[in-house]
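Paired with subunit B in one complex and with subunit C in the other, subunit A is shared by the two complexes that follow.
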Partner chain A sequence: MKGALLALFIAAATVALIVDGTLRPIPSALAYAGGETLLRTPSTPEAAVENLGDQIRLQQWQKAWSSLANKAQFTEPEFVHDLTGYFLSLRTYAMLDNFEVFPLHESADGADVLMKLYWASVVGPFEESRQLHLVRQGDRWLVEWPLVKERHVPPQVIPVDYMRWDVINRGPGDDWGAQNVAAPHVRIVDMRPINRAEGVFVLGELLNDDVVPAWVSVRATLVAKNGAAIASEGSFDMILHRLLPKQVTPFLIRFPNVDLSQVDKIRMDPSAELVSASADPVIEIQNQKYNPAPDASLTGQLSSQSGEVIGFAHVLSTFYDRNGQLVWIAGQYMSRALLPQTPMDFRISVPQDLAGQVSSERTEVATFSEDSE
Partner chain B sequence: MKSALPLLLAAFLMTAAPALTAQSGSLGLPQSIAAGSAFSIPTAGSGQAVLYIVGPAQALRRDVQLGEPVSFPAGVLFNAGHYLAILVAQGSSLDAGQFDVVPAGPPASLSFLAEPSRLPVELQGGVSGTAYVFDAWRNLIVAPLPVTFQLEQASGSPQTQTVTTRNGVAWTRMNSASKEGAATFVARADSAAATRVIQEVPGDPCNLTITAQPDGQQVRIETAPLRDCSGNPIPDGTIVTFTENYNGMQSTVDVPLRHDVARVDMPAFIGATISAASGVVAGNQIRWGGSR
Partner chain C sequence: MAAVVVHLPLLLMQLPLKSYDTNFHIFFASHYLHHWFDPWNAKWYAGFSQTTYPPLPQQWIAVLSRVLGLNMAYMAVQFAGILLLVVGVYRFSRLWLSPRAASFAALASVFLGAESFLVYSAGQLATTCSAPIYLNALPYLFEWLRRGGWRSFIKATVLFAAAAAAHHATLLFGSLLFAVPVAVLVLLDREDGEATSVPAFVARTVAIAITAGAAIAAVLLPFWIALLRYPVTQTPIPHPSRANYILSPQWGMNYFIIPYGALILVLPFILIRGSSVVRLRPLLLGFWVAFLIGLGGTTPAGHWLLGRAFEVLTMERFSYWASLLALPFVGLLASELVTRFRIRAAIPLTVAAALTCAAAVAWSTFHPADASDFKVDSVAAWLNRDGHDDFRYLTLGFGNKISRLAVMTDAGSVDGEWNSGRRLPELNRYGGAALTSSKYFGIDGLQSLRAMLMHANRYGLRWVFVRDPYYDPLLDFAGWRPVDHLNDRTITVWSKDSVPPAAPVNAPQRPPRWQGILWGTLPFGSGILAILVVLIPEKRRRAASVDTPSVPEESFVSGGLVA
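== the complex of A and B ==
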């Protein structure tokens, strides 16, 4: 009887909330449902930027572009490409999740505002900052969008003659004794567990010791003093999966909510498969500079020496102390496509508590493009 | 399930055996026959019966005129193993017996496992070969047989070993040569042979030396042709990492070898130190002074 009453109450409450939400929706819900707009009268610089941010979040490109003070300087597609990328990249599939507005300066007819855009992508969030200038027209403020035009490489043919490896495996109809090609030989050349507030992190480096390319991954299992496995995790994307001959990749494996004092030993399980691969593209990492605390980071530029447009690039940096011991491994996905011979900035943050130990670093890049393997 | 069927059939027929009284008859079974050979089984008695032959991978049924031999032409019973023969008439077993089918004649084929398919030069005992010897009907020949392994490499005389099989298997270990190239690994038993190709590849670079020269606004860094300690050229595609340190800044680039050499253009900062490494092998260091 009690259960029936509770069910009746829940059903009635649900109906009441649906009716209330339909008759008196909150503005943001209405805007997302395609109804009335969230926009306010742009009577202040902040309101104008917030309106623009909401339009970008809702992908109302035409309205956003129309609201700009300097829209005559570029077309709507150029504005859209500035935000979503000219080439296939992480931005192509990213959505603006949130934004923040920080007033910098304001006068009677002009203002400067810093807009921080927080994008959500398939590999996690990324952040972007734009410094906007606003102009006053009557009682309205209008944003001047600082369009960043991607540099285009002049049309040309770039010959590429780097090696490529293809693999022919044993056929399905072959006898069990028929020969197959052996998996690449890889080995862990360094490994170190560290204890942090978030849990245990296993850092290491893996070398492709073979003369053929390898598709690698590393799994670690934490073993307790009684021999029981505490947890088993893989490196996921904190590794360069495609390793050319004699190439070294860092790897980082996270074990959240585990303390190193619980761990007696760590079982490492590197695996490698033979894979078709190309030595192209070659990426140069230029002007790497370690910026010590506060706000410790590694900055630098990626530059592709090949002719291919690289849609997705993942930068991985390994940080060492003065004895050459591993301190930390961190990475950053590039949100824009990497164009041939066009440097692109990257910035990798280092945890403040480890920043003081860093003496040197090594950076590598994993790339993926539309026509890659 | 398929392989269990003959056994079930045999079990069923064996349970029927104590009921034999209706008719008399017997089998004159050989102790063993060669796989795939023609053979006959003499019978005694009179009347009609059915002969069942059931083994691990084959089951045969023949209508029999008791008193006459049952003939099996060549190629009918060819799977080696232990067989049951049961003579049945009117639902009762008249006689039952056992015999073996043994692998026939000389080796006809080999299953040859050669591992690995690729290994560095000058590795002692690095190549392993395991040969399984079969007759013409793919029965494993368990009787001891000599198997000859021969590894013919790009340099030096071939390595040869003769090993006698144990339970149908022979195995060996051999060394890789000092010169890179494809080695032919052959296992031979009588006229049966199997060939595998082992790729013997260069080892780690023995020394890594770089030179630098100005190239416009940049400096061109180039390795000397890379060789392993036996003088074999390091394969194209091997990664060489160049690192330039200048005024607290670092530039690195992973460059694959092309025609034994890796080269790269890097920013030309006077006083920059430039080094190279390949895998765990580190090369020399250059301090760039603006000229060669």
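== the complex of A and C ==
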């Protein structure tokens, strides 16, 4: 009798634990299930959007597309391309890390919801907002996906006429880093440290003073009053590394958790290597506009004047005060590919406390394509 | 003999080399081969201490590799573990069962899905070597607690120390899952007229706990020092063994169906027989706890019982231990079925065992640890020439090939596969595992990679070998340039010219020389001592008692199956 009771207890406890673990998964299990539990049915607009978000996060494209109310209006590949990009870009390999759902309006048979998608890409996270309309069918809510079709450029020939510099090494056995010529001459034309809550930021501008292209980086070392180095950091991706002759790049170097009062002097170490380069692709900045506080930002459009599709673009903007002094440097990666002669919006935020000082700005674009190696 | 027939050919084919962790153990062993008394390994994480991982199997690999080479030495040590398991399961099962049923249990251990899964897919050498030693120690523990006798006491203590030197977690959790049921069995058997008093039992338990604890503390002293001074406080890293196997059926296949195999069909028998026979209840409860934890996130039990350790440990080892605890029941069932149905039972049992083993072995091919098999020889050769190894390197998209590469090159890396050994803040601050697989850890993994690339100058990190173009934009925008291509242009070498040569990292974690001498002496010494003490013959009275079931055999066959 005792044995039967024990067996019953173990069996019942095991089943109960499994049911509990499945209906209310622990966080680590929930993460692997993509936030999806067995319980959630799309009986509310929020639940329907959350289900869709989970399916996008798990890249269950077919399931996500099938759940849409307006799936007849586009194909599954079009839906996937809308999320992951039609051309190779940051979106292609980005993974949805998280999303938020904000109800906007709801009636008996319709609802509007704002969905914020937080993507993890190789160069950092980026955010996207989609306003979704939902319709009610019986006791279920279905999402109408607002598909954004990418514009296609008509077939044409685009003549290119750009500068190009090639570097010829000593020979096929030439080593990776050996340079036969002196490094291109570069110099820092402006530099300014600023103190912020996050730490010290060193802003500056670097000029390629040579007649050949250069691959540049800048390091800064903060030196204390006793002569000891506090920290040494590099510009990382807040600089244009490939500089054409006479081109200027902004740079920004972060020193988190350091206060400027600790710093006696700053040692700057620019470095340059000779590289092959071309002036192509030519990116034009159109409709650039500074929007003052509140929510200060620089908006505009990028437009590629060349014929190639640019998969990856990084916009860097330098902000100056009325005396021409550096105020701030900020950047934004474009999540979609830049198509020839197809303007694409960009928006770069400016910290509120600095926004009032901004009088002018200058924008540069760094690009990367897989075939540019 | 069955273990030789089944596993020796697979090991001679070096099948475990495709597993997750095999190359990790070979990498550790290669360090012991060249630096036996210096556990500071500069090849990963800009330097880390190997005293953060018990060394016994890896040191045996290092010793045997002088004759067999590293790969075959690994196979030899793994094979020894498999053979020891058969003996250990027999001896452990004899505590609970008749010799005939224990023999069936030992035979079943050869075909155990969890064993094959850990050997051929997971590559958990330490777990699969430590558990058999532990199982072999338990009968001595039983003898000591029940009858006293210093030979059993010494043998149990030495074997416990050797098991700990092979894998600390096995000993820690084995104490609860295996030793407690054995201790309870001693108390239960006492009711059958044996002359063991409770005070004597308590005194013996305390004596062996203190002595074995002291032995283990001494044998792994540098390990405990490292653990106490630098506890593992890094952000937990996700592992699919903590998934819910119902909500994530792909992981249920990997961590439940494959390891248990036909054992799943035995679960009702384990429950019914384990609860109906009083002597088997401690074993049932030990199995049940291990089984529940082994289910990972399918139940909240593991989360409740292990606390933060749940986010650090991987759960497949609990399924392995549950399987080992289930083997006596399997032996009992097989014995009863064969007794009653003869060949009609033997054939399906053999087929079930063979299919379980075959599925677990084949799983390493169906679900390989690294889907894309490629050689890293060219990368190692590139690093080893022209002074390239003056700088540190990083790989992206290499999966668990980074251990193999680390064995082959003289250069140091800022990455590695031993997460508990790393101390660099760029790695520990985020919830990502190896940088080479950053993208699979979402924002955490990519932030960790960015942090490391930002501090390339600090660590002398000049080379990045990329086998996944996913990472190319980051490298380009961060100031790295492609300088070479390897393996038919499937691997690109990226360089950052301004990086200075790598300098030794002045880490406080570096063990002093005396710890290195201890580390090179005591764990391996405990292994040698274990071999020597088990050769000490038992007293004849005890030998006879081992051959005689503690309880009449008919007590075990009173279940409904035979009735």
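We take it that the second predicted complex is superposed on the first by the 323 of 373 C-alpha atoms of A that agree within 3 Å, B and C clash if a C-alpha of one lies under 4 Å from a C-alpha of the other, contacts with A are read in each partner's own complex, and residues count from 1 in each chain.
Note that a residue touches a chain if its C-beta (ideal position, glycine included) is under 8 Å from a C-beta of that chain, and two chains touch if they have at least 3 such contacts.
Only a predicted model underlies this, so the values are computations on that prediction, with no experimental measurement involved.
Peer 1: Of subunit B and subunit C, which one touches more residues of subunit A?
Peer 2: For subunit A, the partner with the higher number of touched residues is C.
Peer 1: In the superposed arrangement, which partner chain does A:A279 touch: subunit B (first), subunit C (second), both, or neither?
Peer 2: Touch status of A:A279: first partner only.
Peer 1: Looking at the overlay, does A:D295 come into contact with subunit B only (first), subunit C only (second), both, or neither?
Peer 2: neither
Peer 1: Could you look at A:R362 and tell me whether it touches subunit B, subunit C, both or neither (first, second, both, neither)?
Peer 2: A:R362 contacts subunit B only, not subunit C.
Peer 1: Let me test your reading of the model: by the given contact rule, A:G124 touches which partner, first (subunit B), second (subunit C), both or neither?
Peer 2: second
Peer 1: Which partner chains sit in contact with A:D264 here, subunit B, subunit C, both or neither? Use first/second/both/neither.
Peer 2: neither
Peer 1: For A:Y93, is the partner it touches subunit B (first), subunit C (second), both, or none of the two (neither)?
Peer 2: After superposition on chain A, A:Y93 lies in contact with subunit C alone.
Peer 1: Counting only touches as set out at the top, which of subunit B and subunit C does A:I26 meet: first, second, both, neither?
Peer 2: It touches subunit C, and subunit B stays clear.
Peer 1: Have a look at where A:D353 lands relative to subunit B and subunit C in the superposition and call it first, second, both or neither.
Peer 2: Once the two structures are laid over each other on A, A:D353 reaches no partner at all.
Peer 1: Would you mind listing the overlap between the subunit B footprint and the subunit C footprint on subunit A?
Peer 2: 175-177
Peer 1: Note which residues of subunit A are touching subunit C in the complex, please.
Peer 2: 3-4, 6-7, 10-11, 14, 17-18, 20-22, 24-26, 28-33, 36-38, 90, 93, 95, 97, 120-125, 175-177, 215, 217, 219, 232-237, 239, 241, 269, 271, 273, 275, 311-312, 314, 366, 368, 370, 372-373
Peer 1: Would you pull the subunit C residues touching subunit A in the complex into a rising list?
Peer 2: My answer: residues 236, 238-240, 242-244, 246-248, 251, 271-272, 274-278, 281, 284, 288, 292, 295-301, 303, 310-311, 386, 439, 442-443, 446, 450, 453-454, 456-458, 469-474, 476-479, 481-484, 492-493, 495-498.
Peer 1: Write out the stretch or stretches of subunit A touching subunit B in their complex.
Peer 2: Residues of subunit A touching subunit B: 161-163, 165, 175-177, 179-182, 189, 207-213, 244-248, 279, 282-290, 300, 305, 360-364.
Peer 1: In the complex of these two chains, what residues of subunit B are touching subunit A?
Peer 2: For subunit B paired with subunit A, touching residues are 110-118, 132, 194, 196-197, 201-202, 204, 235-241, 243, 248-256, 258, 264, 266-267, 278-280.
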